[in-house]
Structure formats: C-alpha cells, structure tokens
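Which chain is which? They are A, B and C, in the order written, and residues in each are numbered from 1.
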Amino acid sequence: MAEKEIAATRRIIKVLQVDLAQDLENLMVDPRYNCYRILVLIDKKPLGWVTLTVGPGNSYIGYDEVMSAVRSELKLPLVELSILNRIRASHRVSDAGPISIVVCTRDRTALLASCLNVLTVLNYPVFEIIVVDNAPSSDDTFELVKKFPVRYVRENTPGLDWARNRGIQEANYPIVAFTDDDAHPNQHWLWIINESFTNPRVMALTGYVGPAELEHPAQEIFEIGYGGMGHGFRQRYIRKATSTDQQLLWASSFGVGANMAFRKTVFQQVGDFDTGLDVGTPSSGGGDIEMFHRIVLNDHLLLYEPSMIVWHYHRSTDQALRKQVYNNGRSFGCYLIDCYIKRTVRRPSIVRFFLVNWLYKWNIRNLLKRGDTIPRSLSLTELQGMLTSPWAYRKTRLMQRETVAKSKEN
Amino acid sequence: MPTAILDLDIDNLPEAIELSDRYDKAFILLRQNKVPLGKIVVPVIDNQVITTEILSEIIASTGPALAKNMVLDYLGIDRNEHLSQSKVKATIAVCTRNRTSDLRKCIEGLLKLPDDGQEILIIDNCPSNNDTQLLVESFGSLRYVREDLPGLNNARNRALKEATHDVVAFTDDDAIPDYGWLRALMANFSGTQTACVTGLTLPLELETEGQEAFESYSPFSKGFKRVVHSMASRNPLATGQVGAGANMAIRKQIVQTIGFFDEALDAGTLTQSGGDHEFFLRILTAGYQIIYDPAALSWHRHRRTMEETKKAIWGYGVGVYAFWTRTLIEKGELGIIKLPINWFFHEQLRALIKSAIKWPGSHPFTLVWAELSGCIYGPWAYLASRKRAHKHLKNG
Amino acid sequence: MDSGCQIASVIIPTHNRKNLLQGLLSSLAQQTFPLQQMEVIVVADNCSDGTIEMLAAYNAPFRLEFTSGPGMGAATARNTGALRASGRVLIFIDDDIDPSPGLVEAHLAKHTASDVVVIGYLPLPLEEDPGFYRILLRKWWEDEFGEFLLPGHRFSYRNLLSGNFSVSRERFTQAKGFDTSFDCREDYELGARLLKGGANFVFSRDAYGYHLDTETDLKRSLGRKRKEGAADVLFALRHPDLLPDLQISKYGSLSGKESSTLSHYAFEQNKVGDFMAGHAISLMHMLEQLKLRSLWQKLSNKVHQYWYLRGAADALKSRTALDELISASSTADIKSEALKINLKLGLPEAERILDFERPSAMQLFYGDQFIGEVKAIAGAEDLRGKHLRPIIAAKFLKEMSEALALDEPFKTHLSGRLTTKFAQEK
C-alpha cells in the first residue's frame, strides 16, 4: 500500500535514447520506473525529448505509443529534418582522422571507471585517451587507470584549467576532445567530431549534454527546472560577424566543458585555457566558457552540433546541487568581470548584459516566477554565488600569480 | 563593404561559393525550380560562403515553403504551372528617359524571355536627344514610341494606349527581369477579378553605400508569399505594400472603369513618385484584385551614390503625400486622413528618434529626415503639379 | 438532320426587354455551334412593349419558337419553354445576357454524360465610375465564380445560377422542372433537387455571357432581399435538411443579441423597423459621399438583413413560427458518417474509392496517422475523387508534411528485418 502511494505521488524517471532509424520495437519497462524520458534521434540526429508515463503493471511501452508521442511533440523538428535531408548537398564521407580525448579527473575513481568503460570501447578507428589526474590526494586514480588502455598524466597544480592545458600539451593528434569524468559520450561521438571538423573553418566544437540519469529529485530539478546543460537541437555556427555583444557574452549558451573539442592549432592562436578560472580555484568554474568567448572573439568559427552527444551524471543530492548552482553564479560572475577588465567587448554592453540579461531576465525573473520549475531558494543560491564573485575573482588572480611565480622558481 | 548577390537553387546547392575579396556579406536568393522561395544575408569569410554553415538559415527562411512543395510533389500537383505559357498575350512596356546604358541591359534581358508572342514597347519620355531611339532601333524587333509630354505617368498612359495586347507589363529601364518574369505575371490573370499583378523586385547589385542604404531603408521586396490584395483583405487606401510600378502588369481594360494614371503624379513631375500606388488605390476601391506574386522576379539596380539614394527616398515621401492629397481632394476619400497619422506615429516618429540617438540597427538620420521633409512638401507638390498638368492638357 | 430533333434548345424567359432580347437573338445568330442543330424558345411573360411583334417578325437563322402568357413568373416560363423544347440539352439564358459566340458550343462540350449540369460564367461589363453598391454587386458575382474555379470546390445548390446554365432534357424532365410556387430562389431549389439526384455540377468559364444588368441598385436589391426571405421559408419547408445553410436559421430566438434585435423589429415592430431602414438608406448615401466604405458596408449588411427578415416575417407572421420552423428542421437533420480513407493505399486508389462511395464526409489517414477530417456541408455535393488532392493541398498541408516527414526515416533507413538496439545502458 505504502509503496503504491509513493509510486502514485513521485515519478521516477528513466532516461533512454531511441534512434527511429534503428530501434523499431517495443521498449521493455523496468519496474523501478514509472516515467520514461526518451531522447528521439533519427539516424544519429537528435530531434528532441518525449516523455511517457507508464501505468502500473505495464511491462513494455508500445512502439506505437512512442511514435504517437513523437508525432504530437516533435512535429516541427521532424519536418525540418526531413527538409534538411532533402536539400543537404551530398556530403563526402570523410576519412577518420585521429583524435585525442582528454579526461580531467580528481579523486573520483568510481565515476571515472564508468566513464572509461564507455570511452575505451568507442566505435572509432584512431584515437587516444589521456587521463589527467589533477592534484590527487591518493594513488587511487593511478591504480584504476592501469586497468584501461589509456595514458595517465599527473598534473600537480590544482585547477581544472591547469589540467586541461596539460592535456592539450600531451595530446598527439590535431583534434582534442574533452569530456568530464562524470560523463560519457554516445557511441558515435568521435565520428560526429571528425565529420564536423571536415569544414576547415571550424576551430571549436561543442555538443548536446543530456542527463545520464534522473533518478534523484536533485537531478530532475537541475535538468528540467534549471535547464540542464543541453542547448537545444538546432545546429548553430557561432561567429563574431553575426553575433551581437550580448550574444557573444552569453558564451555559456555556446556549450559546456563536458562536451567540447578543438582544433589544436587554435590554442596557438588564442592561447591556452585561463588557469585563473574554473574548478579547483576560487572562481569555481568558467574556464570553458571563457575559452569559447575568446575563440569566437578572435574571429574563429565555433560550431554547436547537437548530434555530438554526451551524457552527464548530474549531482544527486540536494546539497551538491546547491553547491553547483552557487558555483555557477560565482564563476559566471568571475567570467564577466574578466571580460570587463579585458574589454573583450564594449564595456557598456557588459554592464547592460549583466543588469538586463543575467541579473534581471535570468535571476530576478526566476525568483519572481511562481511555479514548480526552479525552487526560489535555488535562484537565491545562484544570486549569492554571483555576489561573491568580485572577491573570488580577486583571490583567484592572486593565487594564480603565486602559482606561476612558484613554478618559475622551481 | 559591398554585398555580393547570389542566386542559388536549393536542390543543387554547391558545397562552397568563392567570391571576390571586396565582399563581406552575401545576399542570397533561394529558389526551387526557378521559383524564389526566400532570401538570406550571410557573412562572407575568407572570400567564401560554405553551404553547410548556412543550412539552418536556409531552413529558417524557406522551411515552410519547402514543406509545402514536398506535399505538392507527393500530391502530384504541378507547382510550376505558372511558369508555362498562358493564353493571354502581353505587351511589355519600358518607360525611359535618357538612360541608354541601363536601358540596353534591360532590353537585353527582355529579349531573353521565352517568346510567347509578346510585344516590346519602348516609350521614350520627353528625351533630350535621340540616343534612346538609336539604341532601340539597333535592336530591330522593338517598337519605339516617343511621348513628348514629360512625366512617367504620361508615358505609362501612352503605353496603355499603344499596346496591342490585353495586358501591359511594365518594367523600369534600370531593372532586368528574370527569365520567368513575364510568364509568372501573366499566369495570375487567369482569375476574373485580377486587374493588376505585381512582382518581386530584388537588388541587382549592392556595391555602394548608397545602394545598401536604399535596400535596407526601402526594399522593393514584399516578401516571398503570393498575396491577393482586395478590398476585402486590406484597407484599399493603403497600397504601399501592394507592389511597385517597377514591376507590374495591368489589364488594359481596367482604365474604362477607373481611368488612366494621373499625369500630375510620379517621376518627371514635382511629385517625384506615387503614380503607381495611387493607381493601385483606384483598382482596389473599384473592387478589383491586385495579386503580388514573388515568382515574377526582376532585378533592380538601385541608385549608386548616397546623394541619389537620399533624393529617391525624399521623392518617395513627396510622392506618398502627393497621392494622398490627390485622393482626398479629387476622390473625396475621407478615410485617407488616417494613413498619415498612423504612419507618423507608428513608424516615422520612432524611426526619427532611433536614428537621432543612433540606436543600433537604426537608419541613417539623413534618410529618415529626407523622407519626412519630402512628406511635408508632398501636398504642395501635388497642387502645383496638377496646375501644370492642366496647363499641358490645354496646350496639348 | 431531322429538324424536329435538335441537339441544343436555348430557352429564354423574357419580360418587357425588347431591345435586350433582340441583341441576345443576334448574338445567338453568331454562335460557333452549328445553327441548324440548335433551337431557340422564347417565353414572353406578360410583355407589352412590342416583344411579341418583334419576335413574330424576326428572321432567325435557327429555329425560333416563341410563346407568351400573362404574368406567370420566371419558373413557370422556363418550364413552359422546356415543355416545347426538343433538344437533348436545355440551355437556360436570361433576357439580360449577351452570350459570347462560343457559349452554346462551350455548354455542349461539357455535356459528356446525362447527369452533367453546366453553369456558365456571367461577367458584368465594366462600368464607368460605379457607386458602392454596384462595385459590391460585381464583386459578389465574381467572388462566386472565383469560388467555382477553385480546384476542389464542392458545388452547392446555391451555385446553380439560372441566368446561364444547361441541363439535359432528360434530367430536367425527371426533376419535373422548376418548382413554380417559388417567386425567387427557384434556381437554388432546382439546384438542391438536382444535386440530391446525383447531378454533377460543372462550371464553364468559356460558356460566358455578359450580364447586361444595369438596373439593379440598392433599392431593387433590398426589395429582392425581402422576396428571398419569404422564399427561404418555403425552401426550408421543402428541404428541411438544408436549413442550417439558410440565412433564416441564424435568427431564431436563441441566436445572438444583434440578430435577435433585428428580428424583433422585423417581426414585431416593423413600422419602427421600416422607418429606421428607410433612414438608414439616407445615412448610407451620406456615408458614400464621404467615401466611408467600411461603415457603409456594415450598414448595408444590416439593412439587407432587415429586409430579408421582413420577407421571412411576411411568410411566417410570428417569431414563434420561425422558432418552430427551425426546431422542426433540426430534428430532420440527417447524420452522416465520415468515410475513413488511408492515403497509404496510394492517391489514385483513394480517389477511386471516393468516386465509388461518394461520401458526404471523410477522415483522412496516412498509415495510422490522422491527417484531418472533411466535414459534410449542408447542400454541397458529395465528395468525389477529384476533390481529394486539392483539399489536401488547401487544408492539410501542415499535417500532410508532418506525416510524410515521419514516414521518411523508415523509407530511407529501414532494410530487412526490424532490429532492436536498445538505448545505451548507463
């Protein structure tokens, strides 16, 4: 009885992906879940999500049921894709070029193991995996990595961007792809990356990041309420010439560090990741978006390719979620301060962006909005994070200077 | 920097397009089976436009039309029926004055049209020399008519009187009609109520600042959807969005009901322009239809210098107010008073303020101001022009 | 050929329009159709302007018959003409029509089967500077014909315009001709019976004749509206199933405030109503002077509605009678079932099914995807194969493109047995 009540009140979501070009049968239902959130793809191209609720006692979701949900919820992308397929110039099937994958990690062996399990069996002919162990507190990661056919590199300076830069240094191949230790890509990830870089103008590539699971309320809130990490299913070529200052500043909409790839030569032209930023420093993040911003500002082309899919394990506890959102507020603030100091775009635009787009449209409006999507306390948490960012920025720059000085001494 | 003009077939997109290094943007017309479906403006980077990079823009601009064509193909409905020869024959009329180099290109374009038995009539309006006559005679198969009364509307009326066929298709001398232009115009006359058909006019080149300013300030294009304008579908007095005289065809008979073009209006008179829109107004208020069909495509060379552009836009302001004045005092159309008020408060005032404070994306102040000052002059221009026209009439 | 058995009989009812009739006859003499295979029957109804004398003296290059009678009305006159006709096809032309030289030939060209009814085109000649009323009158006619020309148009009984149409003698006789109890709307009524009998209405633009009607003005139009109101009452009694399509159905006491105000004045306060309607016309003249088009049109609609209701009141006497008429008809409403059509059978097959079944309504599917429903329309012909594609193109573009788009991945990627690749295990 009690169990039934729970089942009736709380939905437990299972995340799936279905490629309509391949998977054409009924889906078996796992009795632990009562709701299925399905990413629908057609021949590797994602169309969007459909959500199906499963009544108690059903052992499978009918193929028809999936199709009728697709029909009613994904009409527009379907028609668009079909048209796109018609007009797309017959593209050459390009040869597989070698790709380096960099995974930066720190003391999270369980997550890293599941990530490596997927990475090592990716369907692609030539690639290497570099695990950068960032200022570890033990040898656990080193021991774990031994079991996999990957390269282990240790970066002792704490800070994700130190680790990323180290990964770039170590990479042997002209394309460097990044994913996180708490994420894993889709099977055809490297094929999509390879294909996207056949356009010689594409210097940076980002993709869709979906939730690997939505078992916990915190994950559901982050993905469905807060917006998650995905940025839609439309391909976008992002370049300075066609973007407004506001668009350029909203670099967090270009992609996420958990799913990005670069032509290695781009770092020679725009420099490495900013070691003052991101996790492991007081700024707590922002290294990835600052890099996107910098690449686009230097007149390079960045492609957001939704077919390039990575699944990310969102924070599963309330506390961890809160911390992440707090960090988001703080790191984005640091990134904006950085833009302001470096005058990457006109300063009035930055002030306007901060006040109108971020503070008002995102934070205040979320706070005022009634409803169950984003809990208000979460918006407040982000705002708190934002308020600490000037302090964090100052501190992170001081620390960065010290570290650099120290490394020079050594 | 100038903008390149490209004309692409959606079913045969090239992988990349190489362009001269003087362009930083490309204006791309997208067609399917010769029919214009949409246009996009994209950046040119390293002298190239790469197709995969603009696919989403292409879909955004032409998606619904492509989806429609997909269904029509499935249904086996011929979507190019309007590009075949129609029963009605046409007289093409070009009204010109002392612009032989443009006229030559225009005529060359006209001679490339499929031959459906059309007649080509060149009306030489009050020329200052015989260059035009010599040029026209050098082509042989054209008819040359000289109209000595100055004014574009006099020339247009002369064309309506001289034309052999039932429909007169007008093109400006500085435009080059597309291959399917005439057939697309003519196909629309199969409806019984169509008195006039207008077409899509796109810029032939955007090489100078003046041309870019003109195209962004007052583009001729009225979109890529066929629209049937009638008394029932719109305020018949507001004809600005119906089309323009640079690309229109008129069923000759209609003058029996609504009369000829007003000699006091349009180029060559004090009123500068407005003759076409005033004529459209009379068509609509008489209960007939005007069809705008983007399949009837023509390429127009805009004025090259900023000075000329400014003058043209000033002239539009004059013309609009002149024809409104005419409509009020000659036709007694009280409803016309609403239009200048709406225009001023909903568009002009905002444009003026925006351009004065240099709001991003606003038009140059000089252009906005030119149009407004034209408007102020318009009513006087009409009254003076009418006096002159009456005098001509008496003397003639 | 035996002169007693013609192919085409042109029947012209006329009333005191000698000159127009004379012009009509001379236009008939110019027909491209062989004149010896054609006869013309003029039925002069209560003519006092010398029409009979003109006809008697007329030297026609075709067989010309005429008959006259006192004040019988158009319906009786046409029936009388039909009785005397010997042709296979009867072409009815009004006396204010100026037929084009190809008119008879164009009518005959469409008579490929005995169930065909051909409706000819009646353009009004261009007028110099017409007033508001004449502009709208011309527009009404042209809108009507424009609709006939639309691909996929479902012809309605209202599309039978008696000024210029043709029907086989066989059909006309079977239907027993026009119902002579109608003073006006007799053409719609015949149209209704012909359609119910399975007639196939077609429109011929080539069978055109100029409609030389210069007399109809606002005043006449209002007078006619009153007659139409009365005729519609009779019509509703004859054809209760078509009531939903008649204007009177919208004026019951359950209808909206505006229409109930109008019917209140028409039925119960007609002295006040007539007074106001009369002044409304003066107001309309003023609005026309000021060229205030849309106000004029609104007022014109109101006044027309008023006189229509006055006509209905003439026939019904009271509003309760109107309500009774409406409720009696609604019980007579016949429910029709929509035919389900799966387009995956292929369009030609779907069209064949429609031509065979002739449903009044249909539901379209593409596989198991619902495309849309085409509802039954009171008074319209049943669906035919030729309606299918134009209806999809006009109404269901979006749904159809979605269905086709969803079909596509399977067409292009599916080969052999269906395989299951379950979602990636997390």
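Going forward, a contact is a pair of C-beta atoms (placed from the backbone, for glycine too) under 8 Å apart; a residue touches a chain by one contact, two chains touch by 3 or more.
All values derive from a computational prediction rather than experimental measurement.
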Graph class of chain-chain contacts, one of line, ring, star, complete, other: complete
Most distant chain from chain C, judged by the mean position of its C-alpha atoms: A
Geometric centre distance via CA averages, chain C-chain B, whole Å: 39
Where chain A and chain C are represented by their mean Cα positions, the distance between them in whole Å: 65
Where chain A and chain B are represented by their mean Cα positions, the distance between them in whole Å: 50
Overlap residues in chain A, where contacts from two or more other chains coincide: 79, 82-83
Numbers and ranges of chain C residues touching at least 2 other chains: 401, 404-405
Chain B, residues touching no fewer than two other chains: 67, 70
Chain A to chain C touching residues, read off their complex: 15-25, 27-28, 38, 42-43, 64, 67, 70-71, 75, 78-79, 81-83, 85, 186-187, 212-213, 311
Touch list for chain A against partner chain B, complex: 79-80, 82-84, 86-89, 91, 199, 201, 234-237, 239, 241-242, 244, 301
Chain A-touching residues of chain C, taken from the complex the two chains share: 368-369, 401-402, 404-406, 408-410, 412-414, 418-424, 426
In the complex, chain B residues that touch chain A: 10-11, 13-15, 24, 42-43, 45-46, 50-53, 55-56, 58-59, 63, 66-67, 70, 360
Chain B partner contacts - residues on chain C that touch it in the complex: 121, 123, 126-130, 135-136, 138-139, 142-143, 145-146, 149, 205, 289-293, 347, 389-390, 392-393, 397-398, 400-401, 404-405
